[in-house]
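The structures come next, written out as structure tokens.
The same chain A turns up in both complexes below, where it pairs with chain B and then with chain C.
Up next is the complex of A and B:
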């Protein structure tokens, strides 16, 4: 694929672009669409709440509206909206030409779009998910769905697809921010918006992995018949016993809220970053207490992972635990106090201009103050006991979250001239703000007054009617104000005044130093802060100082890399200690011999991300049809199809097959495609100077994978304790012995060793060595799978003893946890073997001689897979 | 049989019921929160107006304005920030420490020997109350001036049981028991509500709550027919016995209290 993009007016451009600015625009526009979608649902809810009782809808329809409103706003609107700005401006602000992995960036977007479309489809499949955006168990499993609610499964799958988009994004942003900064731009020097995105992405990496685990398990309950979140009280006189998992409700609560709490900061931080930027620009002052502000953000990011049980104060957890979480919750409010004050003090001695972006940012600060104060109420456990499940909580979180969104709309007006090159109409902007701010407060403040109304309930005491009616009026006013915004931004695109490079006074970050809109490659040279200010170096001046080929050397980094870096630094024009001289060329699988002399030629187009995401959409649409634990029957259906027999659920089977083929084929296509995404010759790379781009990306991905497995193992431990640790053995057949596990352990450990040998052979340029070692790895891996297959087949087909009908996925909670956890691991093995086979084929074709890096990256993945098994084996076979 | 007419030690005010506790704390928080909010927001708006561009101010030359392309830095001002931060931290932490003592009280109220225990089971979409004598009813009957413990669970999905006017609430989770208590000052009628989305009937999942004076409660209780769990004639709630139903629920209560 060549780098030449069609013009912006052509649809084809938008389908194949990988440029971060285009993708940023795609995110912004798509997020606004979901804002309208989620907003319309909210308006329907407000109409229902005009009078007590079922004004418009019955219970099921109302619950769907409530649920979809929450899911759409939290997942499909607000974060993607923030990431639209992040995509567009983070590379500009840090001095990069693009993100580290442009095609993955496009993939993130298409996965996001298709996941949203999949969610939209769910409305038409009986009923979409109707258990609240919090999806509590056991209401979230098919046992408790209304009949024919296929859409409920589709909705869960849509969210699963969305999380893959986030994971890809996190890997991309983290790698980029640590490897693509301009010379002498230290992490602490980057603009506050980019810093806030950096922390957001760190939180995303770990929090979303926990959600991914919860969703994979939930999907497995829906499609494979496992019983993690299923619990049915049996009528045997004891209310506490039943079938399924006794700890189901609590397990979901822990997994979900461990994700859910960091999530609200993931949502808010981009807004906070925008507020910092807009305040600085429109007050003409640098932020007060910048380093404290940064420290406060870092503290919040860390603390966000230790407050989650404040969502669970009424679940019967013990007093000590409640006390700890009360303390941590209050603790997390303190850094926010500091940041609020920092913003306020920034105005002092400023030259405040009340332009639309500042109105929204100032408005956001005020709304956040109100929301934050009411949050302290919720942190006092005794008060929380009564606020639980009421509109106090609803009002609180709308003030803070939509307060954040308010700042983002400010960002939209702030950056609109930079993105489009045109200025919006200021009068209309102010009109939007007026309607917005009045509407917002009219909508949400009465909810504090009518706080006794239970959440997700449309019946309330008559005395509160006036407040609900005010809220409904406010909601419509808020919505109407957006019409002004859409009209303004649309019209200004065609008829607005030309905005120059710096439409605002006192801007300082790098995006304002280039044209509006910026050129494709962002900068008229290599950005550098070596002189203390932003300057652009001529790439040719810098080129001559570097020797080419490959990135920084292997994991043992050390001496070799340092020697070459020093040598190169001495020949360069800048101060030796400051220049990190690394030329890395990452071409995603294509031999490093290509594009050697065209270090500044970057590709910008590829159709594969779109195709991969589309395939994912089709596959999951097909999967949904197997709600009720029937996905395990798919292989036999497939065989029946090939034999020409009749096949149940044929449309779903076809969708799955076509989708999976499309995705697999597109992944191969993407790997085969030649795509250059060169890094800049000089960059600030602390602390990853010696970790080349692909390796850093792999490490980040593996960190997320570790949390995923951690959540699975944690779920197993929690569940086993909840059901009785020793009693667990009654749920496992005697035939389940440790020998197969032991054999598998040896097979995997040996295969890890073999990969190391392959890497060494590649470094020594021994093709035979690499081929032999990879072959051994592959064979041992196949051995692992075959051994496991035999073990499972044996357990499925038991004829005697306590499990005479077989011990299967859906038999009991012990079998569920065993098969799903080791099954997830086996899926990782399968993926690893596919990659191994690929490496084998390429080696046969002459690749990797002298360049062992791709094998090293595979090795890192494979070692993780083995290490995970070392935990699973004792947990599932010995204890 | 029947329930002796024991005046609750502390009836008339020595035991504060959850409603009083909540009321006190809530109004203090509301007052303080409103004051802080008004002050901070007022100060914010004041500053934004005072330092607006074009205002008559001597700030022209002594403040360094941001310039394009500069390395981001701050404006100092650390001292003022530290002061504001410390004041707000003291207020917030002070409030929480104050409420912590009430949390301890709510978790462990006095005079539980005189308390009545009632089992509450939520189900889609109503509540069932089970009394010490085994009687089951969709209405919660309780006497005024008597501490009432509720052992709450669910027959199907995750619900939440709360009586807003009595300020009592707890989750109703299938597979486990959780507890809450209330102490009604006077007879009256209230409504219990479900506070956790539980399915299509969530909005109508309510239960009537009837608080009797002591005599009429005795009458009602005497008129109920035990469903056979307890031995006839012995089932009663005299002042010295903690009434509880079967062993499973007591075990459950212990288990719920200990689970992390």
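Up next is the complex of A and C:
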């Protein structure tokens, strides 16, 4: 199923492409679709808010619209929109042919698309999630949703699928940016947009792992009946707080906001990178204080993980913590101040050209300044007590988040000529900006004035009606401005002027050194900065040099194309200012603006990513049909189905079976598919020079997995602290002893040792040794699962004292944390065993002799599973 | 010492440490006033085991330091989350 791509006019191309530029376009188009989806919901809300009280919506419908609008805009529009640009331009800017794992890149996109579709489906299942985009506990558990929470569960599962996409994407981008940079292109020298994406992806890798933990736990509360986020509810429906599940709502808030605050910068950093690029181009000036600008971004990325509790000032966290987090919150505004002044000073030092991209970037800066200042109010504990839950918050974060989106629309105009080869209509672009900027401020600024309006409620004081009506008019003006944009971009695509390779003067990054649109493999040769400027080396010469000099860096002989060096740019003060323009000009045999040509080696097409994601979509759609522990009955339902018996919830079961089969089959198909994604012979790889890309990818994934498990273990520790560490024991039956855990520890430790022996045997080319060691690993892993199964069955069927009904998932918070945390670990063991079986089968066929790398990569994963157990064992069995 | 022998010795240490952890429980040290001392000892043993597995079985010891920093970064994130969250409700 792999191979060469059909032309862009063919639908087939878009279903099977793995090329980063195609994927970028798919992201951009899909994100714009979700912008419209979320935008229409916003317009409906604004219509409802024309006057106070219920007019258009009932309470549940309004809550759904508010929630879905927030989730769609934050998750399915803004971030993916930024990553549309990242997909398209990061490889170009760093001098790579593609991302390190092109099929995983396609998989990320398809998971993203299907997660959005799954969310859309939830609207048709009675009611989608209606508890606000922050999904606070306990309003996120099935008890509080109609229709058996079917739609709400689907929405949670959609988010789960989305986060999977993000994780895959994060691993891919980090690996690519540390393995595929052009020769001598240092990290600090990559264009600011790519640098902002690099920092964004680091934040994504860790922050989304915490969200993944929160969502897996929430999914378990929905499907398996665990009680992490449940309060006890009386027969009359009232909530008894503090009964048997201390800290439930606080746990969600911690997990969510530990993700949620970095998410603000995850959303904003790509916009910041675009602003920096656009400011440089349209002022003809390198950004002032570039080094400090970068340092400020790095600081924000680090600080973003120590400010999350300013979202929790109104919860029961102690005063010391509030004080510290107020300080860290004020602290994170400081690097932003530096960046804002750098951008302003760049304008002063340069000569501004007010083209549409610049107008949007400048508009974004103004909006962000307002959003930032009003946010500092919320960072102060005493002010937050007053502002929390009001329209002040709504106005503030729209100024920040939509302010960021404003820069991205600037990016769309900026790179549109490069992506399409056509120039948009400048007049219509400026008209779009005028409508957008006026509409935006008319929409959001009155919210500051009407700040006492309660958030997420359609009723408000009649005295504030005029401000809400202004906001509604502004909202429709903002929406209308997008009609101009869509018309402009659509019309220009078919009838616009040819843009040429460099439609803008003073561009300074490598995407402008190639044709518009760029060729499939991006560059006419191997990009290199060895000479201090961008040049392209002939791959044959480089390979020859490597062969001749034992892998030493090739000399610059035989380079066919060269990018020109330094252009003089007049600044507003008339002082020449040096700016690197990469006006590629051919000087030899290989044209710099090469026509689309395909590498002899690289593949660009595979249907498997689409199929894997589609299978995931079906599986989760099926899962949504099960509530409160019903999912545990799935195996027995499956047996009944195979025996032709009566099966409850048959459609959901069938969806699950078909989906899981499709995903598993497609994974096998992808593994068996021949697909080449070779690395360039020369690349700058600091600080991972001696870590091959598969290993780096694996370690990056494991880092994310550490945070996932850490958040799970942390959830257990947090709830145990909340309940009183040693008081916890009364929720655990006497029959829960340490022996099964100790046996499993022995089994896992021995299996880890066996994997090490397998690797040693492969290095020694001993097929018998590898076969034996992998067989032992597999058998011990199975033994681990059998032992766990027996233990669980015993605990489920207890008849002792306080646990006469058994110790099940839903018995109490101790049982929930035990089963789910060790269950997540068991799921990792199962995945490991599947891979182990695959390695075993391939070894039987003669693979890995003298090439122990695949076994080593499996071992890295298996040992981490082992390490996690080394902590689960004492925490859940001994202490 | 060959790597295989080293791996074998580490396996023995891991095995023994796991046994000691349970022995601490069976010795009754988790009862009464010695709970937190025993708690500390057990967790330190787990941490040593984890370092041995990561350092030798995952051969971080022989990888560039940047890979170790990547892992430590993830651990730092976890410590920040769990530490601050737990402290916030004390």
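Odds and ends about this structure:
The working rule: the second predicted complex is superposed on the first by the 806 of 879 C-alpha atoms of A that agree within 3 Å, B and C clash if a C-alpha of one lies under 4 Å from a C-alpha of the other, contacts with A are read in each partner's own complex, and residues count from 1 in each chain.
Operating definition for what follows: contacts are C-beta pairs under 8 Å (C-beta built on N, C-alpha and C of every residue); 3 or more make two chains touch, one makes a residue touch a chain.
Keep in mind that this is a model prediction, so the values were computed, not measured.
In the superposition on chain A, A:454 makes contact with chain B only, not with chain C. Looking at the shared chain after the overlay, A:317 reaches both chain B and chain C.
Residue contacts after overlaying the shared chain place A:210 against chain C, while chain B stays out of touching range. Of the two partner chains, chain B and chain C are each touched by A:250.
Put chain B and chain C next to each other and count what each touches on chain A; the higher total goes to B.
Counting contacts by the rule stated earlier, residues 247, 250, 316-318, 321, 722 of chain A appear in both its interface with chain B and its interface with chain C.
Across the complex, chain A meets chain B through its residues 54, 58-60, 62-63, 66, 130-132, 134, 136-139, 144, 146, 185, 189-192, 231-233, 237-242, 246-250, 280-281, 283-293, 314-319, 321-323, 326-327, 330, 333-334, 337-338, 340-342, 344-354, 362, 365-366, 369-370, 373-374, 376-377, 379-383, 385-386, 388-390, 452, 454-459, 502, 506-510, 512-513, 529, 532-535, 722. Interface residues of chain C facing chain A in the complex, by the touch rule stated above, are 3-4, 7-8, 11, 14-15, 18-19, 21-22, 24-25, 30, 35, 39, 42-43, 46, 49-50, 53-54, 57-58, 63-64, 66-67, 70-71, 73-75, 77-78, 80-82, 84-90.
Interface of chain B with chain A (complex): residues 18, 21-22, 25-26, 29, 33, 36-37, 40-41, 43-45, 47-49, 51-53, 57, 59, 62-78, 80-81, 84-85, 88-89, 92-93, 95-96, 99-100, 102-104, 106-107, 121, 153-158, 160, 162, 164, 167, 169-171, 173-180, 193-204, 246, 248-249, 251-252, 255-260.
Listing the residues of chain A that touch chain C in their complex gives 206, 210, 247, 250-251, 254-255, 258, 305-306, 309, 312, 316-318, 321, 687-691, 696, 699-700, 702-704, 706-707, 710-711, 713-714, 717-718, 721-722, 726, 738, 742, 745-746, 749-750, 752-753, 755-757, 760, 859-860, 863-864, 866-867, 870-871, 873-874, 878-879.
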